[in-house]
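In structure tokens below, several structures.
You will see two complexes here that share chain A, one where it goes with chain B and one where it goes with chain C.
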Partner chain A sequence: MSAWLLLFRKEMLESARNFKWIWIPLVFLALGITNPITTYFMPEILQAGGVAAEAAKLIPTPTSEEIIVKSLSQYGTLGMLVFALSFMGIVAGERQSGSAIMVLVKPVSYGHYITSKWAAMTCITLAAVTLGQLGTGYYMNVLFDDNVYSEALVSGLVYALWLILLNSITLLLSCLMKAPAGIAFVSVAFAALLSLVTQLLGDAMRWSPSRLTAEAGRLVEDSGAGDDLWLLVLITAALIAILLTLATAASRRMLR
Partner chain B sequence: MSLLEVTGLVKKFGVQTAVDGLNFEITPGRCLALLGPNGAGKTTTLRMLSGLLEPTSGTIRFTGGSEKDIRGIIGYLPQYPAFFNWMSGREFLSFAAKLAGLSGKEAAARTEEVLERVGLKESAKRRIGGYSGGMKQRLGLAQAVIHRPKLLILDEPVSALDPQGRREVLELMREMKRETTILFSTHVLHDVEEISEEAIIMDKGRIIVQGDLQKLLYDHEQPLIRVKARNLPIEWVRGLRKEPFVRELNETSDGFTVLVTDVSLARSSLLRSIADLEIEVESFEIGATSLEDLFLRAVSAG
Partner chain C sequence: MKWQDVNWELFAPLIAIQVVLLIIALIDLGRRDKDAVRGSKLLWVFVVVLVNLIGPVLYFTVGRKNES
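Right, the complex of A and B next:
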């Protein structure tokens, strides 16, 4: 356990020293506050763009639920890309440089090596999504006088689970592949493909973790938690466990 | 009683066999050099011994320790040590010490001790990213010995260094020899003669010769005579091949070298001919083949 904590601390310290702990949460904060602000100023923006004041007023103001859901969907596109790009080298980089050897030649468990990295990725992800959702909540409160903090946080948590699953895929690929750009590409392509197939096949893909994104949105709307939410959470957790097991097995073999 | 016994060690990468049936043992307290040209399988062998690579077949048995994880009693320095460049030297050593299972207090004390030992005390606070090649190599040695391993495995510890760094590292190895058993690989013969007591010469994944270095030198030592002269009659030199005392003859740009069976016979015979033929000799030297000759012969024969 103390060896695991040591490795985890090293990962956290590394992310702090290379500023991942600063810029990733800042990106999410920016994504989180953009929607309430642009929505609030939309009439002015439209008028400045030459749309008549009367016409601008006709555009319905989106509900706060819609604003939160829009923030979430941005975490799923831009946010996911940020994670894929910043974590693609998490193992591949250490293997390439040779620093992985310096750790693995000590009596360290490969499982600890992988899970400590995963835990550090998960901490950044949770912090970033929470900060983004707090940003959304704050501006909703200030601009629309609407208190949606709890909805924003709960839906953010569910959405984060989807992002954590994608991070686990990036981690596994980072043990298997050498080229960082390829790792990021495959991760993103996998997420896009899974979302697409899930939408196309509908009921047959009820179990698909990408439906967590829709469930996170439903949590904000009045309809409340869908029937499948807990099923999806369980399936996603199981998939993460499988991915971590595979990554551990792959890391045993990666030193050639 | 040996520290480590290797039997029938084989490693295959796909169809290619990198290590092909090694058998050897390491005696505690001795310094063993693994010598061979590039691609001989030295790095692969060391990585298997240090627990980084799984052998395809064969066994590695440590008689020294009962630990289930052999990595705990081994210190390993890879050929190109890479560190976390964002850490300082002190941070890295303390990290390595704790990874090896030392308690916080022990790790801190041992870190200072080892930093002093390898002469990095002044640079301990600096980031490793700014270290020179020699400093990184010394840091690599430091992390390898931080947990007082029973066996220190060094992969080409001096090959990439300038003469100054080379001297420093060899000096450190000499000091460490007093406390632990060292196994190191190299393709530089001079290093072997300088600090090791035993040697294994490898080529193409196999052991060609192994044993006590002095004994190896003695067994493979052959007397030779080196002659440098101006007006050497070629027919005479070539004719020497037929003499009973000549084992091997090599012509050089300014003379010739003969490996001989009987030095005294060869000396008197050669000197007589030189006098008869009025050859203008510049030097006439009697010596013996070196480890380098042994190495080159072993490798080209295998």
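Right, the complex of A and C next:
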């Protein structure tokens, strides 16, 4: 366990040194607060863009639920891209620079090596999504006088699980492939494909983790948690465990 | 909307985020060897300073080489 903690601390230190711990949460915070602000000023933005004042007033102000859901969907597009691009080299880069060998000649298990990396990624992801949702909550409070902190945080947590699953895929690919750009591309393409297939097949894909994104949105709305929420959480957790096992096996083969 | 009418208190946090990102991107760029940056360093200075928010993000994600 202490060996694992040491590896974990090394990952955290590295993320702090290359500023990941600062810039990723800040980008999410920016995404989270831009959203309520643009919604608030939408009528004025439209007028500045040449839409008549009367017409601009006709556009309904979105509800706070809609604003939170929109924040979440931005984490799903821009946020996912940020994670894929910044974690693509997490193992592949270390293999290339040789530092993976330096770590693994010591009596360190491959499982510890992979899970410590995964834990560090997960910490950053949770911190970033939480900060972004706090930003949205704060601005909802200031601009719309609406206290939605708890909804924002809970839905953010569910959404973060989807992002963590995608991170695990990036981690596995990083053990399998060499080109960082290819790793990022494949993991983003995988996420897009899974979402698309889930939408197309509907009921047959009820178990699909990409439905977590929709469930996170439903949590905010009055309808409350859907029936499938816990099923999806369990399936996603199981998939993450499988991906980590595969990544351990892959790193054992590739790094030797 | 006139310059004075803008509610700067609302935008201050966004501006602060942008400034912090810009500064840490420049610090990182300054510390790095030429070889550890993809493309020319001078080009990245311009991208980071001139492109709002996206510039530093681009630098952090694709501008740095051998990221691990």
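Keep this in mind: the second predicted complex is superposed on the first by the 255 of 256 C-alpha atoms of A that agree within 3 Å, B and C clash if a C-alpha of one lies under 4 Å from a C-alpha of the other, contacts with A are read in each partner's own complex, and residues count from 1 in each chain.
Definition applied: a contact is a pair of C-beta atoms (placed from the backbone, for glycine too) under 8 Å apart; a residue touches a chain by one contact, two chains touch by 3 or more.
These numbers come from a predicted model, not from an experiment.
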| item | value |
| --- | --- |
| Partner chain(s) touched by A:30 [first = chain B, second = chain C, both, neither] | second |
| Touched partner set for A:10, first chain B, second chain C, both or neither | first |
| First (chain B), second (chain C), both or neither touched by A:18 | both |
| Which superposed partner A:220 touches (first chain B, second chain C, both, neither) | neither |
| Partner chain in contact with A:107 - chain B first, chain C second, else both or neither | first |
| Superposed model, chain A: greater residue contact from chain B or chain C | C |
| First, second, both or neither for A:97, with chain B first and chain C second | both |
| Partner chain(s) touched by A:85 [first = chain B, second = chain C, both, neither] | second |
| On chain A, the residue positions that both chain B and chain C contact, one per complex | 14, 18, 97, 99 |
| Interface residues, chain A side, partner chain C - complex | 14, 18-20, 22-23, 26-27, 29-30, 33-34, 37, 44, 48, 82, 85-86, 89-94, 96-97, 99, 135, 142-143, 180 |
| Touching residues (chain side chain B, partner chain A) in the complex | 13, 47, 50-53, 67, 69, 71-72, 74, 76, 78, 80-84, 86, 95-96, 98-101, 143, 147 |
| Residues on chain A engaged by chain B in the complex (per definition of touch) | 2-3, 6-7, 10, 14, 17-18, 97-99, 101-108, 255-256 |
| Complex interface listing, chain C residues touching chain A | 1, 10-11, 13-14, 17-18, 20-21, 24-25, 28, 53, 56-57, 60-62, 64, 66-68 |
